[in-house]
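Chain naming follows the written order as A, B, C, D and E, and within any one chain the residues start at number 1.
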């Protein structure tokens, strides 16, 4: 099934990375079953949600500086309507996990995520939040925030430059536009990436 | 002079053992038995002719099975030889040392840190609890026998009570140690938590504030929400690999920290660095300092509610980011200095870009002053709160612009000139009042000084190599090495204990930000909440640097 | 000048005479129509203002502001509203549930009641009491109750501190707002808003009243914005200290009400300032220049009204995006030691000037 | 009286400074905006050629790369971002066994862009690309294989590698970009 | 008529709030977890009760406000008819304003206006 309704201004659909995931996502949605009338309304709501994503001010370390740069005049994510950063999780829609999450911070992050109002999204910004980044060998760092909360988009980079953050935001907007608004169940797409398995296996062998 | 000091110390404490001195770095190392340590500390601090009033750092070590601490002392009154004191514990099971937190206020947090890392408990310390790690953490991570797998990720709620209680060890008159536990805040106190997720704590710092109305009674900083264990990781990394971790300590002075680490390695290897590299590094350091001060200014404005000023600061910071990116390929983390020089030559556009930036920045600084400094609201807020006098600043080890605003001449660039700082004319910006406004103003003035330094250097970058040849595998000779550089927040110290391997045996970074936060408590007592945030902004600390 | 009461009379006539509806139903239909009109205007103004603020704020900060949702980002606010309307409302444990739900009511009621009393144009005014000024002062302070309740009932420390701050703040600024409006009342000799506007048909008070009216106008703008909790007086929601202040625990549309009310209150303050000092919907008339006056009369009255409001709002945004936030003691000092004495002196001076 | 004079003076100074501040923000209001509109300027935007967004392995038109699978980059990498999977293949002509690159796996998610792999590569087989559009929905997608399918080593860069470990970051005098 | 419109406005406000809340309650997705209802305090658990006693300072301002506000209300009728009252009215009200101002000056002098 082709991806519909998720065009983002100025970037053609096929130039986006990871369209395969979205295709699988639609597949999952279809399995869950949506009827047409709701779907129209759902599209409108998704349009609203994807264009008005208010981030929670949540910065732990270096990536937070680049997040601030994204908010500042040069990159200006206000153009996307994302500039209303809320300090209270009740009013925020997305957490930019910008920075390292350590074991002491993990429950706090979890609680903040739990306290957010539905629908809510998570962007793992930078290496630390995605995989532990430079601190993979550390005893106190959580290796990827998806151990703590479900993540929607990963933005690689250490830290990612503001443009890369904007790109990640557009990726999230694409995903939101696909969402079935009326089901609160989180759809999980179990994607199998062969290369990742090979890499992990090789790492294990080398470690042994 | 070093002889004098040696004699003086020996008369004060006959049981002290001289450990040889670094003639070159002009430093005296002694070993003191635990029983005499506190007594000696008092005399070192108070004797008229010694006055070692600045405790730079306390470094915990686990050296070949022995646990102990290394204290590094400076005197701000006399150009004294720095004194390095080793104190060892008796065993590994229940190691205890005498606390010197009553002598130097800065020791308070340092000793807690040592306790957290090595499990050494300090007798007479007012508040002996873990500094960085969760209260239920198992083991002491920087001990050599620490099991890395012993602490899995826990997501359940930590009981509030865990953060509420603390321990105290006291020596009673019979010389026996008495343990007692106490509650940090009274049940009736109204304690509000600022942080970990808070827009104005500059990172994930938790400040628990006891309030009466809007007035701050007492604060208790709670660190460790970004403790990544960098020091332990460094013990497995080679020296060139460590560099990328030093950048991530204080990410706003990334280039300076990295420079410091390179300097330490070069000094240890007695390596000659090409003049060109030295100049380039200095320019990059100063650009980093400007970028950091700009961000400091911007976020302080943001803390006071002037969001537009924040955006202006960030806007002008982008100019520096462009200069960085063009030459080094990185914005925040330049990965530019390497051991022996810099990793690649400057971009042909570099000088032009820097020279364009200088007048621009000067013009913008004038705008900042009109927009914010002279704004009566901002000025009244800044002048009326947050005074830190010189004595307190030294006692807490508040270095950098914040310490200089209190009148303490502590600029490492002046005291121990490194890189090209001895070749340039610049003023050490100081003030005497030590209020929030002075800290704010010193920072803006330092931008001007940095611009002047860059102006003197940028046209005179000598031709030649940008990197010295180094050995394939860099191994530091055996011994202890200290280095300090002036980063944007103050005295950034590095200690390396090398056993001659390609990775350090123990590495310790002295975070200037930690001293800034520890000094927060005496400053904010009796101020309003709004001022607490503003004072935090004026101190301009970076939490990942504290937590490491 | 086109009198909008022509339309209302026509509708009234249509219902009563043409359709022959009894009195009760006529009134009922009229009320419903007015209600719908009010609601639409209220929502529209809020949307426009939110968009304007984000755009203007962007321009002050050297950036562009929303421009990707719809042409020039015009649909941005619509998306926001859809979003906020369909977000979850979180019940807070151990909060005072009833008050927690009531608080947004008070804020919205306060602002709509004031809104309904504004003269948008000649004949475009729903409520026109003869004690209009007092009415406006009274109902606009209902919002304070909403904020206090929100902070008190949320079971949140930041909210509570925010509420306490706002209590002291809003209550104080009420005074200079009232006293500065009195200058206009003195000049007009009436408290009915429509008559105040009429009284400015020859020249607006800000010109007629000279320096006194100007001072009163500026003070009203300051006090008004302090009352609406907008920067630099946004202590109650001081973002950098109290995370979100009194509405920390409000999510979804309950927060949306505060968000909307903040902007309509901004408009209301501008509108009151316009009505009292800038002649409301009255076109710019200069005594003696009859041709000029006649030309001015051709511009519809609502345009005059909204144009003047836009000017006041721009001033407010300009200040908001230039200054840091005041501290609570500065705020009270400003009110009690600067604005209050000045308003009192100003009032006395104006009384003397008018009597002489 | 003195205090009254001071009060008035402070008031007027305050008002003047407030107005000056307003002037500055108005100046900025009227200045051209500094915003670079990223997705709009996607085609035209220039990035600095040293900017590091992702590691790539340049291939020539014959689908050949320069990597001889010596593993120096892997060794220098501080946190295991690079994995060089190689196999020993017997050369049909000479009969000597040599290392051939199977898969050059690069984990973008863990990369810290510390530049140590590129500076240490003896054959300049890897380089940085400026393509920063890398955000994905699944973390595993951040693993990339840098050598193209069916590619092999450029014939002229075959010289036997020095013993592993001898070469390090510092042997090469920086990397020209 | 005015009163009718006043009620209309009131009803409008009620309709707005109720309709908004009802739409949100119907449409918005909801999830439950243990932490959601806990008061938010920067991501940590709240310690102790959240209500605290107000300080006396707040009451002081409330009382001051009450005094001045009542007096302001007295002034409004005068403001309406002031033009017709002439000199006599001016003097009387002038006296009133002076007393008001004296009250403020007294509070100022006594330090009641300092926020402590």
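We take it that a contact is a pair of C-beta atoms (placed from the backbone, for glycine too) under 8 Å apart; a residue touches a chain by one contact, two chains touch by 3 or more.
Everything quoted here is computed from the prediction, not taken from an experiment.
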Subject >> Neighbouring chains common to chain B and chain E, by label >> reply: A, C
Subject >> Mutual neighbours - chains that touch chain A and chain E alike >> reply: B, C
**OP:** Taking each chain's centre as the mean of its C-alpha atoms, give the chain farthest from chain D.
**Re:** E
**OP:** Find the geometric centre of each of chain D and chain E from their Cα atoms only, then give the gap between the two centres in Å, rounded to an integer.
**Re:** 57
**OP:** Please report how many Å separate the Cα centroid of chain C from that of chain E, as a whole number.
**Re:** 15
Subject >> chain A-chain C separation of Cα centroids, rounded to whole Å >> reply: 39
**OP:** Please work out the Cα centroid separation of chain B and chain C, and write it as a whole number of Å.
**Re:** 50
**OP:** Check each residue of chain A and list the ones that touch at least two other chains.
**Re:** 9, 45, 72-74, 76, 79, 87-88, 90, 108, 110-112, 115, 117-119, 134-135, 137, 158, 161, 181
Subject >> Junction residues of chain C, two or more chains touched >> reply: 60-64, 67, 86-90, 157-158, 164, 239, 243, 248-249, 252, 321-323, 328-329
Original post:
Which chain D residues reach two or more other chains?
Top reply: 18, 21, 24-25, 28, 33-35, 37, 51, 78, 112-113
**OP:** Please list, in label order, each pair of chains that touches.
**Re:** A-B, A-C, A-D, A-E, B-C, B-D, B-E, C-D, C-E
**OP:** Give every residue of chain D touching chain C within the complex, in rising order.
**Re:** 11, 18, 21-22, 24-26, 28-29, 31, 33-35, 37
**OP:** Spell out the residues on chain A that touch chain B in their complex, using ranges where they run on.
**Re:** 56-62, 64-66, 68-69, 71-74, 87, 99-100, 102-108, 110-112, 134-135, 137-142, 147-148, 158-159, 161
Subject >> Interface residues, chain E side, partner chain B - complex >> reply: 41-48, 52, 54-55, 57, 116
Subject >> In the complex, chain D residues that touch chain B >> reply: 10, 13-14, 17-18, 20-21, 23-25, 27-28, 34, 48, 50-52, 76, 78, 112-116, 119, 128, 165-171, 173-177
Original post:
If you look only at chain B, which of its residues touch chain D in the complex?
Top reply: 237, 240-241, 243-245, 308, 312, 315, 318, 322, 325-330, 333, 335, 338-345, 347, 367, 370-372, 374-376, 465-467, 469-474
